[in-house]
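The structures considered in this document are given below.
Both complexes below contain chain A, partnered by chain B and then by chain C.
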Partner chain A sequence: MTRALVSPRNLLVGALLALLALVPVYAQAVGNLYLLSLFTRIVILAMAAVSLNLIMGFGGLVSFGHAAYIGIGGYMVGILGYEGISSGLVQWPLALAASALIALVIGAFSLRTRGVYFIMITLAFAQMIYYVGVGLDRYGGDDGLSIDRRSQFGGLLNLSNRTVFYYLCFVLLLATVYLVWRLVNSRFGLVIQGARSNDRRMRAIGFPTYRYRLVCFVIAGTICGLAGVLLANHTDFISPAMMHWTRSGDLIVMAVLGGMGSVLGPVVGAVAFLLFEEVLADITEHWQIIMGPLLLAVVLFARGGLDGMLASLSRG
Partner chain B sequence: MAEALLQIDGLAKRFGGVVASDRITLAVPQGELHAIIGPNGAGKTTLIGQLTGEITPDAGRIRFAGTDITSAPAHRRSLLGLARSFQITSLFLDFTALDNVALAVQAHAGHSFRFWRNARSESSLREPARKALARVGLADRADAPVANMSHGEHRQLEIAMALATAPRMLLLDEPMAGMGPEESQRMVATLRELKRELTILLVEHDMEAVFALADRITVLVYGRVIASDTPAAVRANAEVRQAYLGEQEAVTGHG
Partner chain C sequence: MLLFIEQCLNGLQVGLLLFLLAAGLTLVFGIMDLVNLAHGSLYMVGAYFAATFTALTGSFLAGIALALGATLAVGMAVEVIAMRRLYGRDHLDHVLGTFGLILFFNETVRLVWGPAGMNLPLPSWLNRSIEILPGVPYSMYRLSIIVVALAVAIGLYLVIMRTRLGMLVRAGASNREMVGALGVNIKLLYTLVFGIGAALAGLAGMMQAAILTAQIGMGENILILAFVVIIIGGIGSIRGAFVAALFVGFVDTVGRTYLPEILKLVLSPTAASTAAPALSSMLIYLLMAVVLIVRPAGLFPTAAR
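This part shows the complex of A and B:
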């Protein structure tokens, strides 16, 4: 399947990525540091949405507990920092390993169910992890915990430099997009998509689909754990709120809004969703009243999300 | 003494008060095209379900190629060489025809924990898939999205996917269901071609096709085998005529 490289869709998505790359330059030129902070958050959550879309869009499994991994990644950074271990070379691998392990446990149970049950069981696990966070009195419980020092990488990277940190997040987002893109077109990716399309047939032609889905679930959770690591470093703060179930819902909305059919869709969705939120929240505190109908319109009239809409424009 | 490729012994399954499989014993030797017929509700679908691993029998044993598969999961049966087509077309609608068949090839080409290379450009998957498509006459439809293909083409594609797994035996669940006469004829031609190389178990309502193709026919009524013989003998069997063929005589009479 060859698609024209130069199409309105690709030009627009390319322009979006170029704009994201230029955010620090612009923010510095106009001296608007809030803008840089906002876009750092957008890039991090875009990464989480891309990872969710791997299992939801390509695997057909609607996980309603994906924010749990943001929490796990974030808490590993926060807790290790609080206990005096602020080296990123220790924090980050441990955070990813913890995310992977917990995704393995959650996936092993939840992937035995389908449909609504899968949604409910992933939500239930995420709620359990949320309340573990609330119960961690030593680390601030409900109130959360400030992080005094961002992850240290010696002389290599200074995460306290906002521009450096933004570009680190941006490069990691691009790497995630590339990784997921390779993944969905590989043998592994075709098995995942085949199981979404027709699991029974997959088993009949000889695929033990459960183990492929489980590995996919773990990969998605691990990437999302990385987003959590970044988010904790960005806000210098962890609290159970970062893994509240409404955040899992936000991630689903980003993927649906942007388009579940493509790897980059959730990036488009995250940018659109968080900018809408920002702009609309300025107008009214009940910004969801406007966001709701917008989402409804996208679901009803643009099945492939914003990115799908652009792609169909490209086809003419 | 050689064992039959597929050996079913005393297979029993009941759903509540309904006996769907009543101690079915059946052997399909290598190279045979064995047809199973029976009126609606005779238990054909239950039998197929037990052979493919989607229904667990209450009692009895199924051996395939010398291995007991009575409780083996569906994917393992496929890997042993027992391929099936579905009565209701069951394809990957959002893929192309070639993608569908290539996926079946991939299932039998080692594990799929390969995360990097583009699977759609692997000739070791695409070439065998193209060959399987050619065998069922769909060579020129390789890049068509499955959702855009006709019902008859879907049925042919079902067979191509089963073939692509390089099976020792095909289980075909009503491959002619819903086909027009012209499409049926093409399917009969395809099956006649396949039967030269493969052992086939065919469940089919189209009597003309069954009597034209089968080496042996088993008649199932209320979950019980009432006859298992050559087409000529089955046609002459009084019990079969009474239980089943009476209503079909017009068709089989000039078959």
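This part shows the complex of A and C:
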């Protein structure tokens, strides 16, 4: 399976990553701080979409509750900050541990079901967590909670510096992509993909696919929890809205739009989706009236997403 | 005791509304194998139509009748334009495509009717209370919802079990290729089933709009509830949807009323009053998770799927 390194697709993805790396430079040059803020959000949500794609694209498990982990990561940062613990070295590991633990519980139950039932049970768990957020009166309930201080890393990193924060997010995105890529191409990843194609056969040749899937589900949830940590630090605010079920829908859209077949597809999808949303919102207040049918059109006519279209270009 | 009777009736009413919504959803899912997230949009559209037509004609009943027809038409149009192309795709495509439709419908409604909600005023003969038992007054309107929804449920049952159309619907649910091969116009059947599902959702929306208001996004929260209902009931089963809808309506309503009291027994009053609303919102999801864990294909599983 040798593929040309210089294909339109690889060139485009390379160019996209280079552009993402240069965003702060450009934003500084033209003095457009909003642009930097927008792209920070894009990079963070791209990370969440990549993590979702690990279970959805490669594992065949459509989770409709992935935004819950964004909420858990974010709320851990917000709550610990509110209680006076603003050290990132405490906040971040705890947030990741909480995401992993909750993913373990949700996964352990959800993975017993298949297909549409899986979609719906993950949604149900996410809704429960959403309502826990709404019920946390001490931490703002429905209205959310402002975060006064971003996570502190002593003299190591200053997250309040927008450029530093952007590059931190970007590096973590690259690390996520690398991790997922290594996972997918490892023996573990092959088992996950094998179970997607034919679960019964994988079990027949001796793989306990349930356990493999559970581990995969936990990894994806943990990465998404990290995205939540970053998002809370980015917006300096947490609220149940960050884990609303439409956010889970958005993440699915990003992954599908970009193309679920590849590790980088969701990054392409996230950039395209959020930029397009931004551009349309600029043109008309009623941008969703264009966005909706467009999504439908992508489903109907562009199977494999943008990445799939590029790949078919490469094939000639 | 008085409160308990009233809450039971409220639970029944909420459950029956949910059933109207879930019936269309489960039919579409059972027969066309289509996950339709946009079903809640039809619920919303129905409510807006009812409010508009009632204001235009000045008559509540005429408004409802016109709105039912209009929602049926919208549903059939959506089927012909969009849904038809989604059959046979995988569920992920359905989720995505109909998610796009939700955005479209919400924004269209905002464009046509504006961002503010719309009221559906009740006529005086509905807007009063009636003594259902000596000394137990109950809202006439809520009672009429119960009656209408029960009548629709029975009608639906008779249509599906006793008529030729219902026979085709049942046959289509178990083997659609065979039904098509036997010379039934399957496309028309699908359009019809989708339209009827849409009209039922619209009816639920109209009835709810008179209690609350017609609002953008009103369909989305209740859509998730309707999904909970059809999952608990077993996808594709009307009987399951009926049982599960009543169950969910009852648990939700009674839970909201009595959970604070129950929690006060174990928690401090302040802790109970903060925890109760969140816990009662979670209750039905908890219920669904438990049902799925015990019976991964719902309470009334239909043929292997």
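Please note the rule applied: the second predicted complex is superposed on the first by the 316 of 316 C-alpha atoms of A that agree within 3 Å, B and C clash if a C-alpha of one lies under 4 Å from a C-alpha of the other, contacts with A are read in each partner's own complex, and residues count from 1 in each chain.
Everything below uses one rule, namely that contacts are C-beta pairs under 8 Å (C-beta built on N, C-alpha and C of every residue); 3 or more make two chains touch, one makes a residue touch a chain.
Treat the numbers as computed from the prediction; the structure is a model and nothing was measured.
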Of the two partner chains, chain B (first) and chain C (second), which one does A:Q127 touch, if any: first, second, both, or neither? second
Quick one: classify A:F109 as touching chain B (first), chain C (second), both or neither. second
Quick check for you: in the superposed arrangement, does A:A204 touch first (chain B), second (chain C), both or neither? first
Is it chain B or chain C that touches the larger share of residues in chain A? C
Where does A:Y212 make contact in the superposed view: on chain B (first), on chain C (second), on both, or on neither? first
Partner chain in contact with A:G189 - chain B first, chain C second, else both or neither: first
In the superposed arrangement, which partner chain does A:L294 touch: chain B (first), chain C (second), both, or neither? second
In their complex, what parts of chain A are in touch with chain B? 1, 182-183, 185-191, 193-194, 197-198, 200-209, 212, 215
Touching chain A in the complex: which residues of chain B? 52, 54, 73-75, 78-79, 83-84, 86, 90-96, 99, 103-104, 106-108, 112-120, 122, 125, 161, 165
Can you name the residues of chain C that touch chain A in the complex? 29, 35, 82, 85-86, 89, 91-93, 95-97, 99-108, 110-111, 220, 224, 227-228, 231, 235, 274-275, 277-279, 281-282, 285-286, 288-289, 292-293, 296-298, 305
Using the touch definition from the top, list the residues of chain A that touch chain C in their complex. 56, 62, 64, 109, 112-117, 119-121, 123-125, 127-128, 131-132, 134-137, 245-246, 249, 252-253, 256, 286-289, 291-296, 298-300
